[in-house]
Structures are given as structure tokens and as C-alpha cells.
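Both complexes shown next keep subunit A, but they swap its partner, so subunit B is in the first and subunit C is in the second.
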Partner chain A sequence: MVTIMKTYFIIMILVMLIYMVRHIVFSYNRLYSQQKISCRDIYDSDLPKISVLLPMHNEGKVIPLIFKSLLECEYDPDKLEIIAVNDHSTDATGEIIDHYAKAYPIIRPLHRLDPDQQRGKPVALNDAMSIASGEIFVVFDADYRPSKNLLKKLVSAFCDPIVGVVMGRVIPVNTGTNLLTNLLNLERTGGYQVDQQARYNLNLLPQYGGTVGAFRKELLMKDGGFDEHILAEDTELTYRLALEGWRVAYDNSAECYEEAPETWDARGKQVRRWSRGHNEVMFRYLGRTLRSQRLRFIQKFDAVLLLMVYTVPFLLGLAFLDCIALFFLGKMSIIAGWVFVLFVGAFNAWGNFAPFYEIAAGALLDGMKNEILALPALCFSFYFYMWNISFGLFDALIDMVTNRRVDWIKTDRYAESDPDKIAVSNGKAAEK
Partner chain B sequence: MRATTGTTVTVETVLFIPWVGDVSYISLEGATPTFTFSLINAVVSLLFILIASQTNRSNRPLMIYLCMGLFVHLVSSLFFIFFPERFPYSLADYSKLYILQQIGTWLTIALISGVATDLILSRGGYKYAAFFITVLYSFIFGCVRYVVYLYILYKFSLLYMAMLFFIFGVLYDFLGMIAIYALFVRSVSDLMSSRSGREVWRW
Partner chain C sequence: MTFLFVLFCITFSLMLFPVLLGYYSRKAQRQEPLLIKSDNVKDPRYFSKSFRRMVETSLKDHPGEETLHLSKDERLLFADQQTFTPDCQVDSIVLAMNAPLDAPAGCKFSKEIYAAYDVRIGADAQIRALAGLNDVTLASGVQFLRWVDAESALDIGPSCHLGISASAGKRLRISKSCSFQRLYAPEIVIGENTGAAVGSPAETMQKRGEASSKLIRMDRVPSSETITGSVIADDSLVLDENCVIHGSVHAGKRLHIRRGAYISGNVISDGDILIEENVSIEGDVFAQGCILVGYQCRIGSEGRIKSIVARKHVSLTEESIIFGYVGTEARGSIIDKDEFYKAMGSMF
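Take a look at the complex of A and B:
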């Protein structure tokens, strides 16, 4: 038993070292290597017709913001349609969508109100895709605010015929609200500015994140759309297309602004949901990724590491318990000396503090100043993530074992607009 | 050497890195907790875990960290309640482990700090300043903590050993390192925003 515990401890050290080196490589690549840009320089060419899909459930607080941003986007109106899906909302969402649809013909409302219908983002997206006429589908969550040239930038990536899906960059807008939003800003910076771009530079696998991304219609429709029984339809799509040989592109300049969760409870629920969905995809795609003939060894290796990101925190928690057990069993010799040096180094350079050097590199590229000073606080949020991610993993395991139906859990919104007032005021605006 | 309380304090050595040399550490006896003391600690830990898990939702991460610490302390208390004679370490063992761990930590911090600062800035005084301040901080902090922890275990109880080792251990060396690193990156960000800094960018 003790041998197993010691072996597990050493395996976890190796796992952490691998992740640590991976993120050092990404940071170095982003800071000192030539950057791969998307096809943005040719975005004045003839771009295809696109459908923007907005799945919404009780989003009355934030709808006007995304409509406003989308309507200001630079894209030929004759080649643009916005399909706003009201997925069983009980607030003013449906009413607001209808008012906007009256005022702007490019907005097409789709109300999903049948109580017997399955709910959730993948189902809503599938229904929207079935009536959409664009060649490219662009997806946004309702709390996102795209920049003016975002649509053009995203869609121009499809000038490359091997690109099946493209992802843009997400930037929180409410970064100054509290420590949590500041930390989320740092995490996003590390995740997009460095991690996603480096993976794109190195021909690895950038991840389509389910929002601020676009994909080819025919690729989804041939397989019957999104899998309606999975929470992380975005990760599933990334792996599905990558294993079919399509490239996932990333455009760091295609910026979209989001409202980050402002309370730890909301963040915890969000992370738990992500972990549950991501781990479901991991169960489904780990074997397929390892067996894939289309991916090179290094792509396969990185794709597996990406699949495991929501599993490893739980394994680290287990390593912590393992360590405590070894302590009381009097087997501390394993955690003293060189093995412990490796453990401490890897744990703190990847686990405890996230890859802090990667976040710092991203913050530097973004020209951040005082925000960087919150870096040490990442340590405590690591324990928070470990906790919530572990629950998400258990959820995914139970889903798999019991074949349980997955319900969508929405993240709380913080925009201060009163949905009913918005409905009324927008109604007046639409009438004018 | 004899301490004023009558406890024998000796300096022992242990091999850490072959061909480099031995490492010295302080050896002395610690206080073993009584059953009542262990029981009180177990009850208090459990109470605090229950309270911490139910309150202060705005500080969730800190509460989870605190609960982890209390959990370790609870396990330690239960161990001393049920198997006091089986506790595998003396204060001398802890002292040895601490020193081995701390030297490892100093080496790791020097390595990680070196890589991380070099990654951000390939040359310049800021980089060397950040590196040396980090190493110095870790050295001083590690030594001071060594004395403080030995004092706690010697004066109060060996019951606190697990918590000191796992929760208030090397994490704080790294916390200091990241804080210094954050200040360093903040300074580099200022530098890069300046005219001379902008010329450094290659794209």
C-alpha cells in the first residue's frame, strides 16, 4: 500500500513537471517567437453570409448590451442575420427580443417555450442552426460584447480551407469590481493572450470556447449539430473537428468583452459546470485522441494535456491527502530531499500559483500595471478551484455511470439594468 | 549544549547531496500532547471547520484554505488521541526534515525565480534585483521560521507539527517569491511603456 502511495506521489510530481514545462514553453513562445496571425489582412475580400446565434435563458439584464454591440459591428448587413433564441425564459427576455426584432429585420427571434422541450445551450443552438441561412455560424453568450471588427476578423479565418472552427479573445470588462474580477482578468490574460496564441503558433490545439467563436455550417450539420447530452459542447466540437483533421484557429486580435462573475459562489458554480462538461468530453475523447491517426505525436500529447486540465486538480488534491497519509505513516523520507524539491517546485510553479509566469507574460503583453500585483492571491483561488473542479469531476462521473440527463446551470449576471425597464424603454425605441 | 530549561540541544548532521556535503540541524526534544489537550484541539478544529464552511461566502478561497489547514490539524489531533505512541517523529526528526525541505526550497526558488525573471526580461538590473531579493527573502524567512517552529513544537506540543509542515510550510516562501515577482513584472511593464522600452519590442 505504501509503495502505491509513494508511486502515486512521484507520478503526480511528473505530471506537474510536464505541465510546468509546457507553460514555460508557451510563455517563451509568446514573448520571443514569431507570432502566427489569422487571415485578418484579407478581410476586405468577399466574405460569406453568416448567422450569429445567441442562445439565451433569462438574460433580460444583458440583452440590450449585446444587441447594441452586434448592430454596431462592421459586416455587410445583407450577409448578416442574428438569431436570438429565447430558451424558456421567465423574465422579459422574450419581450425584449421581439422589440428588437421589430426594429431591426436582421434579428430573427426564436422562442422555445414548449414545456416538454429539452432545455439548454446545445439544444437551443441546434434549433437555431436549423433555421439559419448563413454559411458560417458565430456564437455568443448574452453577456458578451463584441468589438466592432470582431465578426470580420473571425470569419476571415475561414479563407483558409482547412480551418473548421475559429476562436476569438475574451476580455472581462468589470475587472475593477473586486479582487475576484481582477484575478479572472489575470487568468483570462494568461489563458488567451499566451496559452491560446502559443498553441496556435505551435500548431497545437487552441480551444473553441463556446462563445466568441465561429464554425462552418456544413461541419456541424452533417453530424446532426451539437451533442445535446453534453454540457461542454464547445470542447466536444474542438475535439470532434480536430480528430477529423480540421484546424482550430485562434485570432488574438478578435476581441470580445465579457462580464466576469463577481461573487465566489457564482464563479464556483461556473467552474464546477465547466469541469463537469470538460470531464465528460475527456471520458469520451481521451481514447480517440490517443488513437488518432491525424494528429502528430506532439499535437496528440498536448491535446491530452488539454483534456486533462479539469482532472488534474482533483488528482493534486488526492496527492495532498496521500502526502498527509505518508506523513502519519512515518514515510516522510520520500518528501524530503530531491523528490520533495521537485514536488515543491512543480506544485508551486504550476499548481498553487497557476503558471504565474505565463499570466505575468500575458499581463506584460497587455500592458497591465497595478492589476499584476494581485498575482500572489492566485494561490488561494487555486484551492477554491481544486475544490469546485473536484465536484465537477464527480458530477461527470455520476453522469457517465447513471446516464443522467444534464441540465444547464446559468451563470449569474451583474449588469445593473432592470429587465422590465429595458423591455419598456426598448419597446418605445423600437416603436420610434 | 544544555538549554536553560534543562533540555539537551545538540547539532546533528545528515547527508543531503552526495559529494557536496552534510547538512546540520538542531536536535532537541519536543512536548508530547496529553489526551485532554488532543481532544480539545480535535473538538476546536471540528467546530472551526463547521463554522468556516458555513460562513463568510465572500472569502471562499481563504475559507477553503483554512478548512484544509484545520482538517490536517484535526487528523493530527485524532492521531494523538488514538495512537499517541505511534506518532513516528520526534522534534529532532522534524528539525531534520525541515532543514532538508528548506534547502530544497531555496534551490527550487532560485531556479524558478531565475527562469521566471529571465523569461520576462532577458537583461537589466531589475531582473537581477528581483532574483537576489527573492533568494534573500527565502533564506531569511526560512531561517526565522525554523527557529519559530522549533520553539512552538518544543514549548507547546508536537501536535502542531503536521499543520506547520503542510499548511504553514514552504507555501509562504513561494508566496513571498510571487509577491516580489509581481512587483518586478509591474516595474518591467512601466519600463516597456516608456519610449526606450517600446524600442525593445520586436513586433
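Take a look at the complex of A and C:
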């Protein structure tokens, strides 16, 4: 038993070292290597017709903001339609959509109200896609505020015939609300400014995040749309298309504000849902990724590491307990010999230096000064995530074993529809 | 037991310390979201339009003044009442409101020029920026520090250095040995001849077929082959002479398009792109490396805007025509046939 415990501990140290090296490579790439340019610099008078899909459930607080932003976007109105899906809302969402649809013909309402219908984002998107006429589908969550040139930037990526899906950058608008939103701002900076862009630079697999992104209609429709039994339809799409030989593009300049969760409870639920969905995708695609003929070895290796990101925290938690047990059993003789080096490296990898590399590099690139002061507090969110992600993994395991139906849980919204709030916020940032 | 309690307290404190440090540090400073310029809209003639707007607003608000109120107050020189001598030095913003502007050879304008009528700039002049509301003609060796824009036609003599951006509302002709970073016009003619031999629109239309979204993986398209669908190569790709692609092209490494080829869609490469003579591409050309365009090539088609964009060097050879935009993060240059063959030899 002790041998198993020791072996497990050493394996986890090695796994964490691999992740640490990955973080260092990505950070180095962003800070010192040549960056890939995106197709956003292309001027093309023949951009395709697009459908913007807005799946919404009880989004009355934020709908006017996203409609206002989308209607101000620079895109040929003859080649743009907005499909607003009211997915079993019990607030004023349906009425607000109808009000806007009357005033602006490019907004097409789709009400999903039949109580026998399954609800959730993938189902709502599938229904929207079935009536959409665009060649490219762009998806936003209702709490997002696209800037004027965002649609053009995203759609330009499809000039490349091998690009099947494109992802833009998400920036929290309510970063100053509390410690949680501060930390989320830092995480987003590390995740997008460094991690996603580095993966794009290195021809690895940037991830489509389900919002502020776009994909080709034909690729989805030939397979019957999104899988309605999966929570992480975005991750599933990323892997589905990558394994078919399509490329996921990332445009760091296609920036969009989002509203980050403001309570630990909401964030915990969100992370648990992500973990559940991501692990479902991991169960489904791990074998296929390893067997893929389309991906090169290094792409395959990184794709597997990405698939495991919501599994590793639980395995790491076990390694902590394992470590404590070995210590009290008097079997932790790793201080002597080469294992010590690994031990120190791994300790720094989990919860300490690993995310720091990317976040610090991202903060440097973004010119953050005040925001970076919250960095040490990430130590807490690391344990918080480990806890919630582990529950998400259990949920996914139970889903797989029992084949139970997955219910969508919506993240709470906080903003009232007050565009001035953003304007004021932008003004302050500009002055700064 | 005491030992364990002390150990627990130390561990707990060590874990709590960074959280408290982060919490109190952030409270001391107000956090703001990263700024997204929400109103930002891409425009290849942005510099000129922005400058013209500022000048026209200032002139309207403060008529008759000899100072222009831009981001700071700038002295004005009214060119209609002025004759410039060769090699003169002008340190004010120049306004030519009522007559064409003629600047003799060797003049140095350290500020912007705003001209309501035609502009002719003599050889080897140096100018910060120029906004012309009609035609602009540049003699040889003119150097721009920032940008030049003509509302109608921009005619650029040999060996000019065009700063960050050169653009025109209708037509831009650029001569040999010029260097640039961005060019924009609905029609960009490279060199003295407009290229009678450049694949004519009629010929292009004949070749134009039904584009397809089908992906075909291959690393060489044989000569005179016609393919319907997009051609994809994970590594290098060669399109042999006179082949016809009804779709787009993507190469994972370098891409070589040999003479007489026709592509109805976009041409994308993660490496360099070499386009030989008499090639016609109806879509955009985009490379993470360099782009070398041979003579008598046609990129885009009349009435539509298309782009050539490269992270590294862009070289365009005389007698080619481009409809739209050329941009590079490095430098662009105009070369002749001899230089083209030399560059082709060193590139591949």
C-alpha cells in the first residue's frame, strides 16, 4: 500500500512538473517570441452573411445592453441578423426581445416556451441555428458587450479556409467590485492574453469558449448541431473540429466585456458546471485525441493536457492527502536524493508559481499595475477551485455511469441595464 | 499534541498570509477594467480623415486666425499667398485652400499639409504628412515621415519613402524602388505600365467557377489542373503553372504559386508566399512570413476591396495591379523584373 502511495505521489509530481513547464513555455512565448498575426488586418468588402445567436434565460437585467452594443456594430446590415432566443424565461426577457424585434427588423425573436422542451444553451443554440440564414454563426452570452469592430474581427478569421472556429478575448467589466472579481480579472488576463495567444502562436489548440466566438454553419449542421446532452458544448466543438482537421483561431484584439460573477457561491457553481462539462468531454475525447491522425505529436500532447485541466485538481487533492498520510506514516523519505528536487519543483507548480507565470506575464503585457496587487490571494482561489472542480468531476462521473439528463444551471447576473455604468467605467480607465 | 498544534498554526498562517496580503493590497488601490476602445472602427484612410476633420472643425470654429487649434495650437501658413523656393524649410502647418499647391524640389515640411486642390511635390522633398482633397503627384525621392492621402488619385514617382500609410480614394500608382508600410486604394497600379498583359477581367470571369467549401488535402497541384474546393497542405504547397482553383488555398509552411495560375478565393500561408508572373487571385493574400508578388499579377477585382497582408516583408513587382489594401508589419517595396528573379532565387 505504501508503495502505491509513494508511486502515486511521484507520478503526480511529474504531472505537475509537465504543467509547470507548459506554463513557462507559454509565458516565454508571449513575452519574448515572435507573435503570429491574425486575419483582422485584412480589408475585405465581401464578408459573409452572419447570424449572431443570443441564447437567453431570465436575462431581463442585461438584454438592452447587448442589443445596444450589437446594433452599433460595424457590419453590413444586409449581411447581419440577430437571433435572440428566449429559453423558458420567467422574467421580462420575452417582452424585451419582442420590443426590440419590433423596432429593429434584423433582430429575430425565438421563444422556447413549451414546458416539455429540454432547456439549456446547446438546445437553444440548435433551435436558433435551424432558423438562421448566415454562413457564419457568432455566439454571445447576454451579459457581454461587444465593441463596434468585434464582429468584423471575428469573421475575418474565416478568410483562412482551414479555420473552423474562432475565439475572441473576454475582459471582465466589473473587476473593481470585490476581491473575487479582481482575481477573475487576473485569471482572464493570464488565460487569454498569455495562454490562448501562446497556443495560437505555437499552432496548438486554442479553446473556443462558447461566447465571443464564431464558427462555420456547415460544420455544425452536418453533425446535427451541438450535442444537447453535454454542458461544455464549446469544449466539445473545439475537439470535434480539431480532430476533423479544422483549426481553432484566436484573436487577442477581438475584445469583449463580460460580467464576472460577484459572489463566491455563483463562481463555485459556475466552476463546478464547467468542470462537469469539461470532464464529460474528456471522457469522450481522450481516446480519440490520442488516436488522432490529424494532430501532430506536440498538438496531441497539449490537447491531452488541456482535456485534463479539470481532472488534475482532484488528482492533486488526492496527492496532498497522500503526502500527509505518508508523512504521518513516517514513510516520507523523499528529502534525501533527487526526489527532493522534484518535490520542490512540484510544490511550486501547484498553486504557486505555475499560474503566476502566465498571470504576471499577462499583467505586464496589459500594463496592469494596481490589479496585480491581488495576485497573492490567488492562493485561496486555488483551493476553492480544487474543491468545486472535484465536485464537477464527480458529477461528470455520475452522468456517465447513470446516463442521467444534464440540467443547465445559469450564472447569476448583477448589472442593471445602465449603459452609463460602462461609459463611466471606460472614462475612468481612459483617464488613467 | 502541542507540537502538532504549533505545526498547524504555522501552516495555517503561511497559507493565510498571501490571502491577507492580496486582500489588503487590492483594497488600497481602485481597480478598473481594462480599456476596450468600443468605438474604434478600422479605416485604411484613418490618418487623413482624422486630420482633415480636425482642420476643418478648427477653421470653422476660428475663421481667419493664423493659428490652428488642434491637440495643441499650431502656426499656419497659407500657401495661396506664398511661393515656395527650392530647398525651402517650412515649420508651420500648410493650408492650400484656393489653388493647386506646387512644392519645388528639396523642400522640407516639418508639419502637415492640407490641400483643397491638386498637389505636385518636387523631387527629394521631405514632408511630415499630406492630405490632398483632389489629385496628388509626387516626383522621385519624396520622403514622408507619417502618411500621404489623396481623395482622388495618388501618383508616386520612383524611390519615394511613404512612411506608415499611403492611400487614395480612387487610384494609386506607385513606381519602382518605393518603400511603404501600408497602401490603400480601390485600384493600386504597380509601375509605369498598367499592365495590358495582366489577366484581364474577361479572362478572369471565364475562369471563375462555382466556389466550394470542400477541403482537399494535397501538397502539389499539377500544372493546368482545375480543382473545385479549397486546397490545404499541412506543410509546403506548390500550385503548378496554369492551374485553376475554385476555392481558397492554405499552406502550413511556404506556398509557391507558379505562373498563370488562377485562384478564386483567398491565399493563406503560415510561412512565405511566392507568386510568380501572370497569376490572378480574386481573394485576399495573407502570410505569417514574406510575400513576393511577381509581374503582371492581379490581386482582387474591380469594385471589390481585397488585401495583401504579411507579418514580414512584402515585395510587389512592376506591371501588377491590386484592388484594395497592402499591409506589412515590416517594410514593403516595389521592385522590377530583375530584382524579382533575384528575390525569387533567394526566397526558394
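What we mean here is this: the second predicted complex is superposed on the first by the 401 of 432 C-alpha atoms of A that agree within 3 Å, B and C clash if a C-alpha of one lies under 4 Å from a C-alpha of the other, contacts with A are read in each partner's own complex, and residues count from 1 in each chain.
Assume contacts are C-beta pairs under 8 Å (C-beta built on N, C-alpha and C of every residue); 3 or more make two chains touch, one makes a residue touch a chain.
It should be emphasised that the depicted structure is a prediction, and the values quoted were computed from it without experimental measurement.
Chemist: Overlaying on subunit A: subunit B and subunit C, fit or clash?
Modeler: clash
Chemist: With both complexes overlaid on chain A, does A:Pro313 touch subunit B (first), subunit C (second), both or neither?
Modeler: It touches nothing on subunit B or subunit C.
Chemist: In the overlaid three-chain picture, which partner chain does A:Ala363 touch, first (subunit B) or second (subunit C), both, or neither?
Modeler: It touches subunit B, and subunit C stays clear.
Chemist: Could you tell me if A:Gly94 is touching subunit B, subunit C, both of them or neither one (first, second, both, neither)?
Modeler: neither
Chemist: Touch check for A:Glu74: first (subunit B), second (subunit C), both, or neither?
Modeler: It touches subunit C, and subunit B stays clear.
Chemist: Determine, under the contact definition given at the top, whether A:Lys36 touches first (subunit B), second (subunit C), both, or neither.
Modeler: Only subunit C is touched by A:Lys36; subunit B is not.
Chemist: Applying the document's definition of touch, where does A:Gly209 land relative to subunit B and subunit C: first, second, both, or neither?
Modeler: neither
Chemist: Quick one: is A:Leu373 in contact with subunit B, with subunit C, with both, or with neither? Answer first, second, both or neither.
Modeler: both
Chemist: Show me the subunit A residues, by the header's touch rule, that subunit B contacts in one structure and subunit C contacts in the other.
Modeler: Common to the two interfaces on subunit A: residues 368, 370, 373-376, 378-380.
Chemist: Give the list of subunit C residues in touch with subunit A in this complex.
Modeler: Counting only subunit C, the residues touching subunit A are 15, 17-19, 21-23, 25-26, 28-42, 44, 184, 213, 215, 217, 230, 232, 247-250, 265-266, 268, 270, 283-284, 286, 288, 304-307, 309, 311, 324-325, 327, 329.
Chemist: Can you list the subunit A residues touching subunit B in their complex?
Modeler: On the subunit A side, the touching residues are 24, 27-28, 31-32, 35, 263-265, 268, 320, 323-324, 327-330, 332, 335-338, 340-341, 344-345, 348-349, 352-353, 356-357, 360-361, 363-364, 367-370, 372-376, 378-381, 383-384, 387.
Chemist: Spell out the residues on subunit B that touch subunit A in their complex, using ranges where they run on.
Modeler: Residues of subunit B touching subunit A: 16, 57-62, 64-65, 68, 72, 75-76, 79, 87-89, 93, 96-97, 100-101, 104-105, 107-108, 111-112, 115-116, 119-120, 162, 165-166, 170-171, 174-175, 178-179, 181-183, 185-186, 188-190, 192-193, 202-203.
Chemist: Subunit C touches which residues of subunit A in the complex?
Modeler: 34, 36-37, 39, 41-46, 69, 74, 145, 147-149, 152, 159-162, 171-176, 179, 181-182, 185, 189, 203, 216, 218, 245, 255-257, 366, 368, 370-371, 373-380, 425-426, 428-430, 432
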